[in-house]
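Down below are the structures I want you to see.
Each of the next two complexes has chain A plus one other chain: chain B in the first, chain C in the second.
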Partner chain A sequence: MKTLDSYKKTDFILEALLVILAIGMVIPIYYLLITTFKSSSEATLHPLWLPADWKFSGYADAWKAMNYPRVFLNNLFITVSSVLGVLLFASLAAYSFARRQTRLNNLTFYFILIGVTIPFQVATIPLFRLIRNLGLIDNPLSVIFIYIFTLISFNIFLIKNFMNTVPIELEESASIDGCGVAGTFFRITLPLLLPVIATVAILNTLTTWNDFFTPLLFLQSREKGVILLEVYRNIGKFAVDWTAFFPMMVLGIAPLLLFYVFMQRFIISGIVTGAVKG
Partner chain B sequence: MFTAILSACGGNEGNKAGDNTEPTSPSANDNTEKATVKIIGFNKEEVRKTYLELLRQQFPNYDIQYQFVDNKQFTNVVTTYLASGEGPDIIEGADARWIAAGYLEDLTSQPFVSKYYETGLKSSTINGKVYAIPLQSWFEGIWYNKDIFTQHNLTPPKSFDEWMDLHDKLRAVGVKPQAMGAKSWEPMDKQAMGVALNDFYSKPENKDFDEKFGKGEVTLSEAWLPAFTKWDETIAKKNLTPDMLGVEYDQALDEFATGKAAMWESGPWAYDTMIQKNPDLKLGMFPIPGTAEGSGWLVGGPGSAWALNKNAKNKDAALKVLDFTSTPEAQAALIKDSFGTSFLKGADNSELPEQYSDSKSAFDEGNVYAPWANWGMLSGADLILELGKQLQDHLAGGTSIEEVLKNTDKKAQEIRDSMK
Partner chain C sequence: MNTTKWNFRRNVVFQLFVLPALIGYLIFYIYPLIQTAIYSFTNYSMYHPNMKWIGIDNYIRLFKDDTVIIGIKNTVIYALLMTLLQNALAIPLAIALNRPLKSRNGLRLVFFAPAVLSPLVVGFLWSYLMSSSDYGLINQGLRAIGLNNVNWLGNPKLALYSILLTQVWQWTGYAMIIYLANLQGISKDYYEAASIDGAKAWTVFSKITLPLLLPSISFNTVMAMIGGLKVFDVIFSMTGGGPGHSTETIVMTLINKGITESQFGYGSAFAVVFSFMIMIVAFVQLKVLNKWEAKLF
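Our next item is the complex of A and B:
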């Protein structure tokens, strides 16, 4: 009985702590969401109260002010193209580095890894010149290429390390059965990489969807802009109207949140796969 | 009414040759080629809405594009564009570093430059060369809640001591005297400088102080110390307290707009937001007072300016846009979306809105000035930011007011040395 009592007490304290932490986490989200349904004066005078009169006009105004369908499609195109590009090139490169460990390959791998250490800001001006010389200023391709080449180093590192845990015997069997290098990669290896690919896909999507500086620098006309650029265009220089700003934020993060909720089970399945591997 | 502002501090009304020049309204009809004119600015497109619409009407054959870049990113982004030999045709602001690097076109010989008062051109003039034309002015004073003042029989102060007494009276009736977002470097800088404007800059012998300071011939610690020591009384009296260092601009705005504080320092740009947050608010603005009784001073001057990219793709078209900007019609359009006054000679400056009536005599006497705008190569954000950081440290109890100014002088010398 004593053990049970002390267990219950500890359990209660831990649960209470978790509830407090959960409330701490939820309050900002609650504040964000309820502010979107208030008038400006109500949000200022009673920031945490439920709205007396639920207003949906904030979302309608934000949708219109941002030209949401246009910026959403721009964001989607850039993110999907960049993430697919990164995954394709990084997994192909990682396959080569993991399976053909020649001296040249190893050297190339470490050379590519240096890319992780170089801050983007250092390369901004040369990069801008390069993109200008390619005639890609104010073209979504510029942002897509930059994302692919800035993200690829870390992705190769992650995928190569995961690939080292995949038994090579499976590929050898495929080869004996007459599969070529490309066939072996796409039919055997790639499906086995799904957990790590899901993980890096989520990380890359978060990075590319939420990036502000690269589109700001390279996409100069409003028609080609992304969601975050529109959010910045519509907030005040000196004062922020939260009731106008928050609906824009919600519209900006909602697609990403849905994507994350959908994809996070792949990460968990990836972890479980690793855990039970004999 | 506002012509006095334009001649303030500079004392010189500029190039008289342009006084009789009729404003020109160049038409784009003489140019049959379609040209794109790109403008980049740190003010939102809405702040330039009427002006941009007017430009598009005036130049139907030009594709006028406006790119907004947030203030925090603006210098980085524009510097990247300019360093790459690229960039928009017209740029908001004439950063001394861009001028030093040769990125901006020298506009001195352009006919439209002579249409402005010298006070407007001063902040974008380096070594006698003009690199940008001024848009409407900005100013900043002390907003006050008229209902709270009326309720306690208080009136705007005429001297710094009166202002301090006002704080005490408000505290005595249980009202927080002043909201302050000291997390930002700006408000304390401007308040302390406001006292210096009254006590130091108003004397004719100090007219050229800022140019001399820019060149390193004089120091802030020698010139400003008495005024800053006077301003420091506000910290000694706990009107400004260390907890304000954790308060953001927006939080201070909310505190004042909801009636939780009786005064707050800012400018006309905050007016709409405050009224939107609290439609019942009755607002007034008084100038920052000095040691002697007087009209007080507002911190302000040329707000921003249009500079021309030396590598502009459509320089002729951009010059026509700048020429048209130098007409009363274009200036009125700029003022319509963001209240301020024009530096254009002969521009019809509108009547002062009611909320600024307590500042009328300061305007009439031309008591509007921002020292750092005339520091030449020190006019960039670095030094003013350093002063703000030093004052924040002082409010936290770290340094004396004398050290604040000495450390700022030290930083000024570092900047001068780095630009040699």
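Our next item is the complex of A and C:
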């Protein structure tokens, strides 16, 4: 065992190569961050150097131009509502599918799995008309509903698979004690689902927060928009000073990047669980 | 308590649990999907708001439409190369990181990091990096070592591959994380036995590591393929489909025809073709991988 798992001389070379590769991979992000503090002439002359004198006005301008607090809150509202919605509806359905394998339930389960295979972009044209007819254009509910019910298939699949590994005995004894279905679910099963719920929450947060396609189609006024729409709308307005756009890109990725920095272990293990169970 | 009545009530509650998911799914997914199929056989558009049944005319037109053919071709090239490159790089990377390196956790964090960035912003960032203007960092680097500028995004022959490069940068770490977890689940005994037998590194890789990685290879390649076929944000921000139609992809063409040009029937026919493409690709891929698995074990 020791011979295989201990640090070898070749590992030192391997490590050195990987560190160089990692530095290479980080350069674009470093360049993005560092450019936000430079004037455009300095950024052109010395792209990778630290700024001679740090300029912070770029962020203040970008913050104002993007109406950042507003779009950030819109983003947050959409993501939190969608994730909570998916969690609730998917775990309820998965519970039923896992614990009541009637013919009807099994059929419904397979019917819902269609949603894993065909991407909803296929149905964009009628979806657009549907949202318009429901009067939900420019209403965050449009995006929230679309997220919840197009992501729900994969989430039901994931939660049901996990639920199959949760012992049923606890639920049985709860129901013998007279606990109803809903009571058993919320008091006994749901707490046991916490690992998969964390996974689902993380996967869906990444997907919904970074989605550009759906808000682009359904949220048209700037008041209702999300961060990425502002990034998109502001490009090209700064033809003379191209560096003015860099703080906007940073503000565009900052929330999830910070989320990653603080939650990295949960995020990585969430993604792994999603892949292994899914 | 009357047990049958009690059981009946329990069953009703169980069925009710499915309802919110099912109703929303029917309204926001299945109903538009069926409508897409119906529209695809009509002449429905802004100019023909009263749709008329025209059979398979839309489908025939699709295969004579150059922009559609280009969109499909670009997307297929992109998805295939993306799947291949991403996994061909992620597997060795994961194997390397599975060694007891001192900086392992840090490296893992760095390689994965691009995956949390928005593809739209990544696209904008790389279009600056690849720019042919004075500030284009990559061309500055090329000039510094005495090479010529490369017109990464302005050359129609190159643009699609330049975009691909950015996405390999962004998503390889994601696949790597999944391979790494799979590797860590492989029992050390296999490697122990192989080393006692004096097996060569390549034999160990092809006879032990690769077969045992199959579950994550299935997952990663199918995800990369479907993601590649759906690509939109990054192309939208890097080239907008240009120059000419050289980087236009399926979802982009779909939006152009179906929404921007309001050709609802025609766009829907394209959408139907697209969904069959995805289903066939995923199906064939899983079949091939299963066959591979059956051959190995």
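Throughout what follows, the second predicted complex is superposed on the first by the 245 of 278 C-alpha atoms of A that agree within 3 Å, B and C clash if a C-alpha of one lies under 4 Å from a C-alpha of the other, contacts with A are read in each partner's own complex, and residues count from 1 in each chain.
Criterion: a contact is a pair of C-beta atoms (placed from the backbone, for glycine too) under 8 Å apart; a residue touches a chain by one contact, two chains touch by 3 or more.
Note that the structure is predicted; figures quoted are calculated from it, not measured.
Overlay on chain A: chain B and chain C clash in the combined arrangement. In the superposed model, A:221 makes contact with chain B only, not with chain C.
Look at A:213: by the touch rule set out above, it reaches both chain B and chain C. By the touch criterion defined above, A:124 lies against chain B and chain C together after alignment on the C-alpha atoms of chain A. Legend: residue contacts after superposition of the two complexes on their common chain; A:50 is shown touching neither chain B nor chain C.
Look at A:19: by the touch rule set out above, it reaches chain C but stays clear of chain B. In the superposed model, A:170 makes contact with neither chain B nor chain C. Set against each other, chain B and chain C differ in how many residues of chain A they touch, and the higher count belongs to C.
In the superposition on chain A, contact is made by A:132 with chain B only, not with chain C. By the document's definition of touching, both partners, chain B and chain C, reach A:40.
When both complexes are overlaid on chain A, the residue A:241 reaches chain B alone and has no touch with chain C. Comparing the two complexes, residues 40, 43-44, 124-125, 128-129, 213, 217, 232 of chain A contact chain B in one case and chain C in the other. Residues 10-11, 13-15, 17-18, 20-22, 24-25, 27-33, 35-36, 39, 93, 96-97, 99-103, 106-114, 116-121, 124-126, 128-129, 134-135, 137, 140, 169, 174, 177-178, 181-182, 188, 191-192, 195, 215-216, 219-220, 226, 230, 232-233, 236-237, 251, 254-255, 258-259, 264, 267-268, 271-272, 274-275, 278-279, 282 of chain C touch chain A in their complex. Residues of chain A that touch chain B in their complex: 40-41, 43-45, 124-125, 128-129, 132, 137, 213, 216-217, 220-222, 232-234, 236-241. On the side of chain B, the complex with chain A involves touching residues 38, 42-45, 47, 65, 67-71, 73, 77, 80-81, 83-86, 88, 249-250, 253-254, 257-258, 266-267, 269-270, 273, 276-279. Residues 1, 3-7, 11, 14-15, 18-19, 22, 25-26, 28-29, 31-32, 40, 43-44, 47-48, 88-90, 92-93, 95-97, 99-100, 102, 104-105, 108, 112, 114-115, 117-130, 145-146, 148-150, 152-153, 156, 175, 180-182, 185, 206, 210, 212-213, 217, 228, 231-232, 235, 242, 245, 249, 252-253, 256-257, 259-260, 264, 267-268, 271-272, 275-276, 278 of chain A are the ones touching chain C in the complex.
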